[in-house]
Amino acid sequence: MNFDSDNQSGVSPRILESLVSACSGSASSYGTDDWTRRAESALGQVFGRDVRAFFVATGTAANCLALSAVANPWDAILCHRQAHIAIDELSAPEFFTGGARLLPLETDSGKITAKDLHASLDTMPAQRPHNVRVSALSVSQATENGLVYSQAELAQLADAAHQRGIHVHMDGARFANAVATLACEPADITWKAGIDVLSLGASKNGALAAEAVIVFNDALARDFELRRKRAGQLVSKGRLFGAQFVSWLQDDHWIEMARNANQTAQYLWATLKTHNEIKPTWPVEANEVFVVMKRDLLAGLKAGGVGCSGWYRRSVPQSINMSDDELPVRFVTSWSTTHSEVDVLAELLHQLA
Amino acid sequence: MNFDSDNQSGVSPRILESLVSACSGSASSYGTDDWTRRAESALGQVFGRDVRAFFVATGTAANCLALSAVANPWDAILCHRQAHIAIDELSAPEFFTGGARLLPLETDSGKITAKDLHASLDTMPAQRPHNVRVSALSVSQATENGLVYSQAELAQLADAAHQRGIHVHMDGARFANAVATLACEPADITWKAGIDVLSLGASKNGALAAEAVIVFNDALARDFELRRKRAGQLVSKGRLFGAQFVSWLQDDHWIEMARNANQTAQYLWATLKTHNEIKPTWPVEANEVFVVMKRDLLAGLKAGGVGCSGWYRRSVPQSINMSDDELPVRFVTSWSTTHSEVDVLAELLHQLA
Amino acid sequence: MNFDSDNQSGVSPRILESLVSACSGSASSYGTDDWTRRAESALGQVFGRDVRAFFVATGTAANCLALSAVANPWDAILCHRQAHIAIDELSAPEFFTGGARLLPLETDSGKITAKDLHASLDTMPAQRPHNVRVSALSVSQATENGLVYSQAELAQLADAAHQRGIHVHMDGARFANAVATLACEPADITWKAGIDVLSLGASKNGALAAEAVIVFNDALARDFELRRKRAGQLVSKGRLFGAQFVSWLQDDHWIEMARNANQTAQYLWATLKTHNEIKPTWPVEANEVFVVMKRDLLAGLKAGGVGCSGWYRRSVPQSINMSDDELPVRFVTSWSTTHSEVDVLAELLHQLA
Amino acid sequence: MNFDSDNQSGVSPRILESLVSACSGSASSYGTDDWTRRAESALGQVFGRDVRAFFVATGTAANCLALSAVANPWDAILCHRQAHIAIDELSAPEFFTGGARLLPLETDSGKITAKDLHASLDTMPAQRPHNVRVSALSVSQATENGLVYSQAELAQLADAAHQRGIHVHMDGARFANAVATLACEPADITWKAGIDVLSLGASKNGALAAEAVIVFNDALARDFELRRKRAGQLVSKGRLFGAQFVSWLQDDHWIEMARNANQTAQYLWATLKTHNEIKPTWPVEANEVFVVMKRDLLAGLKAGGVGCSGWYRRSVPQSINMSDDELPVRFVTSWSTTHSEVDVLAELLHQLA
C-alpha cells in the first residue's frame, strides 16, 4: 500500500527488457548511439513533427535546463505558487539559469489562467532596468495538485504569454497522465497549444531514470547541447536513456501505464470519499488524490501500513475550512499500483471509521 | 519642487570640500590610502566598536555583497514583499549570491515582526535537500514605506532569527533617517540589536556615491574583500569613498542632514493632509510620504511642476479603500529639500482643491 | 576492434543482473533506499573506513561537484595541462564552482610532482585580493596519458599541497585501473596518501552509468547533498546507482575487470611496437596506449575497421620528434576487450607494414 | 618619486572643477541626467560615430561586463598570458560571464599577432560539446608590457578573429596613452580596425573613478544596461561619471595628459638606461618602463624613496638572461609625473652606481 509517490514504483518489465538488450556490446558514446537515435525518432512520431530531444537523468535537470533556454539571468519566470520548480528543486532553477528569478503566482486556483497571467503582469513593476522582466511562464501538466489543463486552457494561456513576449515551458513530469486523461494527441497539448519547450518525464511512469527536454522552438535549441554538457548531464552511455524511451513510447506503453495509474486513482478516491471525515481538496484528474483528514485518522492509516504523505498546509485553498486537528494528505498511484492495494486500504478505513 | 527621490539631490558642500581636498596628490591605491583608513576609523567611533567596513559604489552592490556573505547559493533570504532587494535591484541578489532565492514575506503590515518570521518559517516546507532553507533575513531601516523599526522591534526580530539559525542583514539606504527619527545611537539599532551586517548608504543623504557594507560578525567578513574585488567594486582610488564618508560622519553631519529631510517630510505631510482628497497610506516616520490621491489631482500637481512618483498599486495595504480613479503616490524629501518648496506645493494644492 | 574509448564498452553481466534485480517493486526514493545504503556500506569496506559517498550520473558531475567543495568562486584549481577537467568537460568546472579558475600546469611530464607544485605556486602572483589563490589541486589516477601515480608520488604531492593550504581532489574515472596496476589497497592511494575527495568512476569499467564522489574529509561533505540536489544530480530512483555499485564492488569484480583491461593494453602495446613506424608516447601503465604513427598507417587501420582516435598534437612531449606526416594516436582497452581483437589488429598491421 | 602606478596619481584640476560643478542641485538619477548625456555625446564625437556607452566605477567592471557580452558561459576568451583580466582581476571575468573560460595565450612576444591567433585555434581541441569554443579575443591597448599595437596590427588581428567567428574586446585602461603614441584618431584603432567593444579607462589618466564600456557592435549592446544594473554598477547619481568624462574629453584634455605621461616615460627610460646594470625588458611605447636590475639596486632605490614595483619573474621573455640576483621592475608615469621627479631618481642612481 505505497501511495507515497510514483517515483517509488518499480520499472516496467518491457522497459527493463529493452535496457538489458541495450547493455550488451559496444556502442558509440555521448548520445551518438543507435538507441538514442531511435528514441529521438520515436519522439518525433509521437509528437507528429520533428523535435529536438535532449535526454537527462533527472526531472530537476530537465526543468532547469529548459528554463535556462527561456530566461536570461536577469529575467523572471512565472509559475504557480505550488510548482515543483518553486518548491521542491532547491535553488536549481537559479543555478541552471545563472540567477533568473522565479515569481510564484499567488492563486488559490489549482491552475494558472490567461486572466491570472495578464493580471499578474499588469500589476508588476516594469521599469527597465530596475525591475525583472518576465520572459517565461512555466506550467505543470498534470499539475502538482493532480489537475489537468484542457487543450483550450493551455492554448489561451500560451497565446496570452506569447502576446506579452513570454515563452512557455511545460513541466511534464506527469505528462503521460495528462495525455491519458484527455485522450488527446501529445501534440494537442504541447506545440499545437503553443508550448515552446517540454520537460517530459518517464521516471515516475515506469522508467528507471529517463527524462527529456523536448524543444519545439528551434531557436531555443541552439547551444542546448552545450548547456547540457556544461551541467554534467551528458552521460557517456546514451543508450541508458535511449533504450528506456524507445520501449516506453512503443505501442503506447507509456499511455497505458499512465491510464492504469489514473484509473487506480479514481478507484482510490471512490474509496476515500466513503469515509465521512475525509474531504476532497482538489478534483482527481490524474494520478494524485489530495484530501483533508484528521491527524488521528492519518496516524491510524500509517500505523496500518499505508504509505501516504502529510502535505503542505499552504497547499489547501482558503475556501476549504480546515481545523487545527486536520491536515492535508496526498495519495499517489502509479503504473504498478493495484486495486487490491486500494482494497486493503478500504478495509483499514472501515476499521478506523 | 523635486520630491521624486532623495537620490536626485545634490552633494553637501562639506562632503564636496572633502572630496576636492582628497583629489590632489598621489595616494596609495585600492583602499590602502589614508582617507579610507580615516573613514574606517570614523565608522568604528560612530558604531562604538571595531567594525569591518567595505566601501562600494552603489546600494545594490552593498546589499547584494552583504547578502552573499549570509546566504549560500542553495539558501533563501526572507525579506518584506516591498523590499528594495526584491523589487528594484533586478536580479542582482541572485547574481551576487550565486543563485540564492529571495522569499518575499507577504504581509500587509509595513514591517516584519518576529511573529511574522516564525509563522513564515513554520508553514514553509523544510525537507532537506529538496526545499530551500532560510539562512538570512533582510530588513530595511528606514523601510521602503517610510516606516522606522524601533530598537525593541529589531531586537525581537533579530533574536527570533538567530534562534532559527538565521543571520540578519539591514538595508540601510536610509539608515541615517532612522537614526534621526529614533534619536538613538547607531549601535542601538544595529549590532546591539543583533544585526549581523549593514548596508550603510550615504548617496541618498548628501553624498555623491558612497555606500558601505559594515560587518559586525567577524566570521562574515572572511573573504569579503575577495567578494568585493570579484564583483568589480574595488575602486583604484579609494579616497573617492574615504573622503565622502569622513566628512559625512564628521560632527554628526549625516544625522543633521537626515533630520532636515525628516522634518521637511513632516512639514510636507502636514501640508498634504489639509487636502481632503488625499489619504495617508503609511505613517510618516522618516523622509518619505505615501498617500493615495485622485489621478486628476496627481496630473494637476505634475502639470504644476511637482516631482513625485505614482507608486505600485500593490504597495497599498488592503485595508485602504482605493477607487479606480485613485492611485498611490510617493513624495520623498532630502537633506536639501526646503520648506519653501513645500510652500509652493501647498499653494498649488490650494488652487487645485 | 573498438579501441576508441572504454566508455563505449557494454555493461558487465553481473552488474546488469544486479540492476535488473533492483528494478522490481517499490523502493524509497532520492537515495534513501536499501541498494544505496548497501553501496555506501560496500564503499566503506573497500576503503577501509567510513566514507561519505554521493552518487551521480556522469564523471563531469562527479568531478565538478567535488571541485565545488574545495574551491570558492574566487579560488583557483591547479591541474595537469592534459587533465580531463581542463579540456573535455566544457566549462562545467566553472559552472559548478560558481566561477573558480582552472590553472593548467604546463609540464611535459605526464604527471605532476611535488616539485612542480611548489615551482608553480612560487612563481605565481599572489597579491590579495587581486590574484586568484590556489585552493585545490586535481590529479587524475590513472592519468589522461595512461600513467599511474605511485603511492609515494601521491603522498609527496598531497603533502606538498596540504603544506600550502591546498586540498587535493582525485579524478578517478580510471581509478580501478590504477588500483589493478599497483596491486594496492584503494586506501593506500586515496585518504592514506592525503587525498581529500575522490571522483570514483564505474561507467568506463563495466557499469552503465555510475559515478560517485567519495569525501574523505568530513568538513567537505557539509552541504554536499545540497550541491548535488541543486545540480539536478539527485535521481529519484537511487537504486539505479546503488545496484550498480554493489555488484561492481562485490568480490573484487571492479578490480578484475580493470585488470583485464590493463593486461589487454599490454598485449596491444606488445603488438603495436613490433611495427617499426609506431613510436611510443608514454609508457603503458593502465588501459590506454599512446603512440605516434604515420597518417597513412592510421588511415589504413581505420579502413581495416580498427576503432582508435587521432589525438591532440599538443599532448605529445616536446622530446618526441614528430614529423608533419605523423600524428599521435590513442588506443583504449576495456574490461570487455579481447585478445582476439588485438590479434586481428596485429594481422592488419602486418599487412600494412 | 612615485612610479608605482598611474592609479595612484591625483585628479586633474579641470576634471575636478567639472565634478564640483555637477554636484550642485537636483538631477535626474540612474544615468538619465544631462551630464551623462553630454558625456555620451562627447564620446560619439571623439569616436566619429554614434556609440553606446555604459559608465561604471572600475576597470574590472568595464572589462568583465564587456566580456560578458561577447562570451556565453560555455565559451572561452583568448587573451595574452600577461593580460590584466587574466592576472589582476581575481576571478571577476568568470563571475561576470557566468563561467566562461580565459585561455591565456602563451607567447614570449609582448603582443598577440594574427598568426598567434590562428596557431592557437588550430592546435586547440574543438569537438563539440566537449571542448570550449573561443568566442572572444581580448587585447590590451596599450598592453600590460607598455607596448602599443599599430593600427595595422590590430586590423589584421581583428580580421583574423572575425574570420574565425570571434568578437574582439579591447582593454583600454591605457587607451589614451596608445592614442597619444600613435597620434591617430580613436576610431582608427577601435571600430575602424574591427574592435567590437572597448573598455575605456579614465581613472589611470586624470580622473577620479570613471570607466566606460563603449559598444561599437549594436547587437552586443542589447540588454547591456541590464547586465550593468544586475552587477550593481548603475550609480544613482550618474553625473559622477558624466562630469568626469565631459571634461576629460574636452579640448583633447585626455590626450594631453596621456602625452605628458608618455613623454615622461621616455625621459625616465633615457635616465635609467645610462645605468649599466639596468637592462630593458620591453621597448617603451606608452607610459610604462620595464627593466631588469639587481636586487641590491632596487633596494637602494626604494631606500632612497623611489616608488616602483618588483614585477612577475614570468613576465620577462626567455630571450633575456636574468640571473638569480636580478629581478624585473616596473616604473609607471602618469599625467602628473614631473621631469624633476625623474631628475631626483637620476641623482640617486648616480649615487648608487
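Letters A, B, C and D mark the chains as written, and numbering starts fresh at 1 in each.
The definition used in the following text is that a contact is a pair of C-beta atoms (placed from the backbone, for glycine too) under 8 Å apart; a residue touches a chain by one contact, two chains touch by 3 or more.
This one's a predicted model, so the numbers in the text were calculated from it and none came from an experiment.
Any chain that touches chain B and also touches chain C is listed here: A, D. Taking the mean Cα position of each chain as its centre, D sits at the greatest distance from chain A. Distance from the chain C centre to the chain D centre is 41 Å, each centre being the mean of its Cα atoms. Each chain gets a centre from the mean of its Cα atoms; for chain A and chain C, those two points are 35 Å apart.
One inter-chain figure worth recording: chain A and chain D are separated by 51 Å, centre to centre, where each centre is the mean of the chain's CA atoms.
Of all residues in chain D, those touching 2 or more other chains are 30, 73-74, 89-91, 95, 98-99, 129-130, 226, 229-230, 234, listed in ascending order. On the side of chain D, the complex with chain B involves touching residues 2, 5, 7-11, 16, 19-20, 23-30, 56-62, 64-65, 89-92, 95-96, 203-204, 208-209, 226, 229-237, 240, 336. Looking at the complex, you find that chain C touches chain B at residues 30, 72-74, 98-99, 128-130, 223, 225-230, 234.
Chain D contributes residues 73-76, 87-91, 94-95, 98-102, 106, 123, 125, 129-132, 312-314 to its touches with chain C in the complex.
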